[in-house]
Amino acid sequence: MKYIQGNYIIASKEAIARNIYSFTISCPEVADIACPGQFVHIRAKGYTLRRPISICGIDKTKGTLRIVFEIRGEGTEEISRLNKGDLIDMLAPLGHGFTVSEKFNKVILIGGGIGTPPMLPLAQIFGEKATVISGFRNASAVILQDDFKRTGAEAILCTDDGSAGIHGFVTEPLKKLLTEDKPDAVYACGPMPMLKGIAALCRESGVYCEISLEERMACGIGACLGCACRTQRNDEEYFAHVCKDGPVFNAEEVLW
Amino acid sequence: MKYIQGNYIIASKEAIARNIYSFTISCPEVADIACPGQFVHIRAKGYTLRRPISICGIDKTKGTLRIVFEIRGEGTEEISRLNKGDLIDMLAPLGHGFTVSEKFNKVILIGGGIGTPPMLPLAQIFGEKATVISGFRNASAVILQDDFKRTGAEAILCTDDGSAGIHGFVTEPLKKLLTEDKPDAVYACGPMPMLKGIAALCRESGVYCEISLEERMACGIGACLGCACRTQRNDEEYFAHVCKDGPVFNAEEVLW
Amino acid sequence: MADLSVNVCGIDFKNPIIPASGVFGYGREYEELFPLNKLGGIATKGTTLHLRTGNLAPRIAETPAGMLNSVGLQNPGIDHFISTELPYLLTKDLVVLANIAGSTPDECAEVAAKLDDTDVHMIELNISCPNVKQGGAAFGTSCDMAGEVTRKVRQATKKPLVVKLSPNVTSIVDIAKSVEAAGADAVSLINTLLGMRIDINTRRPILRNNVGGMSGPAVFPIAVRMVWQVANAVDIPVIGMGGVSSGRDAIELMMAGASAVQVGAAIFTDPYAPVKIVEEMNEFLDSKGITSVKDIIGTVAPW
Amino acid sequence: MADLSVNVCGIDFKNPIIPASGVFGYGREYEELFPLNKLGGIATKGTTLHLRTGNLAPRIAETPAGMLNSVGLQNPGIDHFISTELPYLLTKDLVVLANIAGSTPDECAEVAAKLDDTDVHMIELNISCPNVKQGGAAFGTSCDMAGEVTRKVRQATKKPLVVKLSPNVTSIVDIAKSVEAAGADAVSLINTLLGMRIDINTRRPILRNNVGGMSGPAVFPIAVRMVWQVANAVDIPVIGMGGVSSGRDAIELMMAGASAVQVGAAIFTDPYAPVKIVEEMNEFLDSKGITSVKDIIGTVAPW
């Protein structure tokens, strides 16, 4: 494991939906070692705790990372005030990312709402081998669909109210895919009930499933034991930590 | 008494010495009612308490106030980051200013260091009737001398180390003036030892003297009783408040 | 527009927001900015039997997200309050809580007795001022003393009696129970936490009194915890305060168990804070479809 | 370059800055960022006789200029510490304070006895953890219990014994005196203040444990006050902490009476905080021409 703290230049900033921003950050030394599923821990001026945000893009050639985040409270609002050219204070890359195997010939990536961004680096790796199912509240919350399509992956869009794509939850298309054309792995990030549903479906079908979890964090690197997550390994209950052992976990290990 | 809280546009900003800034603020409703010796109470983003800063210029026609302040700590540093066009949050005008009498034909205005700014509005009123004595640590801390000269007042400059103007304290030229050509009033603002010395000299010479005091403040308007100052009125000791009864006091009333 | 009215021991407040004692004087200074009738009530500056000059300056220091004060109960005495300040405030259409203090239980009782003949709505007995040598915190940090002074004041007045508690204690619940048993109609909390700052250049404490009372947003989590603990332990209403600076904070404190909320240091940052807090509370309630603020009191669901 | 070394009950520290227990694990994670030998010492994660899983999540909440935690002493147990973590740390050229805790005085003594056979430099006995049901704060809020647990641990070890005090008490001075009388070689303070936050949308406490310990800049003035009071009341050294986030804060706490300074929550904001604090202290001392940091300890001149 290796991570760095530094102040990096924001190379570009874009508002991609209401209250949702995309930053591209120039940080070659971080981009160099970052993997899909990891996150960055961002300092918001005036706040004691950093904010964890998933990595949504890694460009090792340009030396940039991309993050996409929603304003949820005061800290993300403060971060959203940063502009192109400003410095952003990050501790990164952090955590244990997704397991990417060359043997996987067909994978399903599932993102719910602001859980969608960490799926993009996976889509970039798997390309046509991936089917991306994204779910959002409604059409105005939809993000990243063009980005997913550009990777060559198939992109299935759902909204809770049917205002865009399929009317309903991401678990519906997933059920279909699991029966029709069993994938090698499912990767998911989003709200807990969604992840729980996905984990149950994968377990039933005997498909390997990795999920990315959220928890309130302090240190972000495994020192403070703040971000506990009940898991089991070898039949023993074990309090893992989302920042270090996760955020990505084998769905089978998580005690819900 | 009347004061207003509002967000006002900074019409101009200038660095006039190392760590010393001059702001001109567009606030017609405040300028309209402001008097020399009063102060404004400025909110610094991220800080609980406002910062009191003297009024250094009142332009009722243009509807502007001028303030000149030094970075002394975190709050003034934060305020110094504001730029032309930004909004500044002020509660103003506050306090009891200088007594200006048309009968006064000769007055002496004395400013020590960052106590010099509140003397400028008085110089503007008294013009040629005023002699301004300003004292600074050294040449690089000298401010506002051209402004004073433009008012028609005579400007005497002292520095502690002799690097500009007269070598020595403001009390030396004052002593001379008090004996040579007794003024009707002396007005002063600056560090406590200086004010104490001036008050003693004026008392000896029987010259009316007003001084502007500083104290740590919370409300700025006389409600919290935070900014106490021991004074006596009619031979009775009385805890006055710098923000409401002052900042300008009759030197005879202050119990040092 | 949600119904913001609350009732605390029989007294109706048009809304739950009350400037806290000591930050708002007797209301006159802030009246330059907004009409007092926008507020649910006012807790007046702590008043004693006789005039007090208070502590020497500096009395104010800043702290991270907060401040210290060591005013030391400067006030013109209860007779002046009754003759000059109270009649004026009583014309202003808001609940007047007369905050009182004293060096001995008897002195507190004497002040309360004087108020008993007036039209003041409530008495808030401060047994928790950290800035005076006698009385003050000494009353508020011992169950016996807290009970005794409450009992004496109780006997001196039929007015609704709110006892204001100190957070500088091992168990605020024990103190609350003891003043409840001694006849308090309500408790208010928290007063300030004892703190200190030093000027490292002069090596002098910033406050002339060396130590002072800490308040402001920094103390809010402690206020929430104490309000929650006390509200669950006593049967009388709790008036909450400590670090409230937004409508959301006020809602949080009410969910923790406060029937009304006082606002202190936030007023120094933004003099309109109490008025804005009322508006923000209303917005929150409307956005959630809650018709009366009374419906949120004490509704936190602990794990 | 000022002399930054200090000596606390016979142990030499190359500088006075020590990451506080619980924020720095056993040092490995932060070692990715800087060598541990830049620090004066390390206070290791509170360790108990047996492995503990700690409380359910969420364990962290943010507060104005601070935070709450309710980790609840998750740790791998003292045997793991002694076999795996301690030997590694002892190669790192810094003072190791083993922070220990237990549900009963005997359990604390047993942990201390195990450490007595190791090369650990000091034992920091935590009698003030607000996040566990047994022991913890219950020890630290009663003079008798604090004395008893200190006495038992004292008998179990010859190592320099630092007892860590709770700020959630009416008189921290009384507790400090009682652990001094029971044989503590030093006291460290403050642990966290008990606080609470509520999510007003869900009406649930943010922490799964409902309440948690508050730390960070918000508590700094309380730490300064308590360190000052305790340093003036006991003859043993005081290790200060609570909200320190800059070299100026560390200097202030030392002027108040601390012989060394621990840094907690500030590390979450800036992982380099302890290293920067050492540098800033040196700059301050140099700018004032003070040749040794020892010369500022307890030098505040009260009014």
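By letter and in written order, the chains are A, B, C and D; residue numbering begins at 1 in each of them.
Assume a residue touches a chain if its C-beta (ideal position, glycine included) is under 8 Å from a C-beta of that chain, and two chains touch if they have at least 3 such contacts.
Just so we're clear, the structure is a prediction, and the values are computed from it rather than from any experiment.
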Quick one: name the chains whose C-beta contact count is the highest of any pair.
C-D
Which chain's centre, taken as the mean of its Cα atoms, is farthest from the centre of chain D?
B
Separation of mean Cα positions, chain C and chain B [Å, integer]
36
Using mean CA coordinates as chain centres, what's the gap between chain A and chain B in Å?
57
So how far apart, in whole Å, are chain C and chain D when each is placed at the average of its C-alpha atoms?
33
Residues of chain D engaged with two or more neighbouring chains:
56, 61, 63, 65-66, 216-217
In chain A, the residues touching two or more other chains are none
If we count contacts the way the header does, which residues on chain C are in touch with chain B in the complex?
22-25, 28-30, 32-33, 45, 53-63, 65-67, 69, 71, 74, 206, 216-217, 265, 267-272
For the complex, which residues does chain B have touching chain C?
1-5, 43, 47-50, 75, 91, 215-230, 237, 239, 244
What residues on chain D touch chain C, complex-wise?
56, 61, 63-66, 68, 141, 168-170, 193-198, 200, 203-205, 208-211, 214, 216-222, 224-225, 228, 243, 248, 251-252, 255-256, 284, 299-303
